[in-house]
Amino acid sequence: MVRALGWLAAASLAAGLVMAFAVAPREVTQGQVQRIMYVHVPLILASYLAFAVLAVASLVYLVRRDEAADRVAHASGEVGVMFVGLGIATGSIWGKPTWGTWWTWDARLTSVAILFVMYLGYLLLRGTLDDRERAARYCAVLGIVAALDIPLVHFSVYWWRTLHQPPSLMKPGGFTGSASILWPLLINLLAFVLLYAYFVARRVRLLRAEAEAAA
Amino acid sequence: MTLESIIRVTDVRKVFGLLPVLDGISLEVRGGEAVALLGANGAGKTTLLKILATLLRPTRGTATIAGHDVAREPEAVRPLIGVVAHGAWVYDDLTARENLRFWATLGSLEAGADDVAAALAGVGLERAADARVRTFSAGMKRRLSLARVMLARPRVLLLDEPFAGLDQRAKKWLEGRLEAFKAAGAALLMVTHSFSRELGVADRLAVLAGGRIALDTPRGSLGPDDVLRLYAAHTEDAL
Amino acid sequence: MSYARRALAVVWKDLAVERRSKETLNALVFFSLLLLFVFQFTLGGDRERLAAVLPGVLWLGFVLSALLALGRTFLVEREHDCWEGLLLAPGDKSAIYLGKLAGNLALMLVVEALVLGLFVVFFDIDLGRALPGLLVVVLLGTLGLAAVGTLFAAMTANVRARELLFPVLLLPVQVPVLLASVKATEALLLGEPLAAVAHWVKLLVAADAIYVVVSLLTFDVVLEG
């Protein structure tokens, strides 16, 4: 089952990348580098999914003390941090030739950076605690605090700054780009979501094997 | 006095990382009974005690105190146990009396000023009651720890090296107090790596070696030398 | 009623220990003085530049002191082997959280008052009409820091690299509180009324409420072992 998921993820990623580089139109002002957007945006969105799953899994663990939920939270955290890190990197690569700077402290970038550091802390906490049960409990609490903090981060940072591209995918009026941009984007989004699911599934399996070997 | 088993350990295993410290421990202690658990340093005695004290969870197996599972119902177990371990749980900058009052209030014990005074008198600290614990000797701190436990009137006493670091007089006094606990129906589990004083109080001896209980026998008329011989014999077997 | 008594017992105990050992308050006071010197040397005498960065610098001072103070929340338990005593104390552990939170809040407010006082004196700042609004913002911001700080202090009390892990965990989560506090302070010091920063104040109130409630609900879980 997991292997099928892996193949599906690889296939859709291949399709998505082909569409991004061959099919999607060349952006007029930004040039070829704009194609990174087809990877950058899905990475960030998939990381949001990862952190949402982490929050839910943490809550489930606290209520039911089900170790499987803890493993899902753990794996989700790892994949989420990796994706958001790659998302930031691809964003910087896109940004330098396009807007002249690797980084800027606008609302969107700042929020994502805070997210990255918060969940990096989550992984650090996991790494520091040897006792598996204590690690599960503490990380579940941290996961919930972090999740509840996200809306606060969003509002505080947004009120503090607003310079990033206005959100085009999730604006109330709907997507304003053309279909030839939308489709590669959606397919890549699907690809990265599948990739996330595949990585988490493999990681959870590994964690469960470790747990069973120790018992 | 009840003869039912209050402490019941069934096939408990504890693994740290990949290292199995406890590898299938089964043990029972009845009310009014004291069991001395002997083992070398690192054998897992403190680990077992911590599991019973709800400070650690077993990797496998179950341990119950008065029918409550220590891993699943720690909150039900905690009011029933008294723990005397290496750390005395006393704040150096408070007086003996203040320490007892604090722990009594935190534990929601129905202990008024009189009960605190009585507990201090019971451990022979009435004259040092209002002195800061910073000035206490190891023996006095141990006695204060015991006073704390006495206030709670637990059904189970878990003791880690209770006689270590005490002078002769304090050891004799502790023996008497532990006998009093037994007479009141409490179940006592003492872990130690030495072989002398605990024997006087113990009704049964158990040896922990190789992650398992290598020996579990009534003390009867065994003297320290007999115990030493048995211990050596069984730990060699286990190795 | 027992819940309140237990929380108060924790507060009383920490105050008594602090009063007799005088460890934490002395260190924090001294630290505040040092901060003042450092700010003076790095920011120099340029009054305009100082006025521009003052809100940030003030809250930087508050945060650094908070990291020190909050990181030590369970130090007395650790040093005297009393941590296990807290774990094994029967009953609702969130009373311990409230007691520790109250103690931390009191400690931090005293130190912040001192830092603020030192700033006014040494940098010749006129607080004037800003003071009442400033007090509100400082109180709310400090509560936010202390609420999560006390919870995280419990989580990191017994881990390796505690001194590193505690700030690493606390600071990202506290960004909203810091942003709101600094921006509100900035506006107030420029003479704006409290009503002008109502959105920041509401954010602080919401944040404080969330943090305290979540901490109360999860403290038992942290202190399970």
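By letter and in written order, the chains are A, B and C; residue numbering begins at 1 in each of them.
One rule holds in what follows: contacts are C-beta pairs under 8 Å (C-beta built on N, C-alpha and C of every residue); 3 or more make two chains touch, one makes a residue touch a chain.
All of these numbers come straight from a predicted model, not from anything done at the bench.
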Quiz item: When you take the mean of every protein CA atom shown, which chain's own CA mean is nearest to it?
Solution: C
Quiz item: Out of B-C and A-B, which chain pair has the most contact pairs?
Solution: B-C
Exercise. If we define chain centres by averaging CA atoms, which chain lands farthest from chain A? Would you check?
Key: B
Quiz item: Distance from the CA centroid of chain A to that of chain C, rounded to the nearest Å?
Solution: 32
Exercise. Provide the C-alpha centroid distance between chain B and chain C, rounded to the nearest whole angstrom.
Key: 40
Exercise. Find the geometric centre of each of chain A and chain B from their Cα atoms only, then give the gap between the two centres in Å, rounded to an integer.
Key: 50
Self-check item: Overlap residues in chain B, where contacts from two or more other chains coincide
Solution: 56-57
Quiz item: What are the residue numbers in chain A that touch two or more other chains?
Solution: 133
Exercise. Going through chain C residue by residue, note those that touch at least 2 other chains and give them in order.
Key: 224-225
Quiz item: Where on chain C is chain A touching in the complex?
Solution: 148, 151, 155, 159-161, 165, 168-169, 172-173, 175-176, 179-180, 183, 199-200, 203, 206-207, 210-211, 214, 218, 221-222, 224-225
Quiz item: What residues of chain A sit close enough to touch chain B in their complex?
Solution: 130-131, 133, 213-215
Exercise. Spell out the residues on chain B that touch chain A in their complex, using ranges where they run on.
Key: 13, 15-18, 56-57, 59-60
Quiz prompt | Residues of chain A that touch chain C when the two form their complex | solution = 62, 114, 117-118, 121, 124-125, 128-129, 133-134, 137-138, 140-142, 144-146, 148-149, 152-153, 155-157, 159-160
Quiz item: Once bound in the complex, which stretches of chain B touch chain C?
Solution: 53-57, 74-75, 78-79, 81, 83, 85-94, 98, 101-103, 105-108, 132
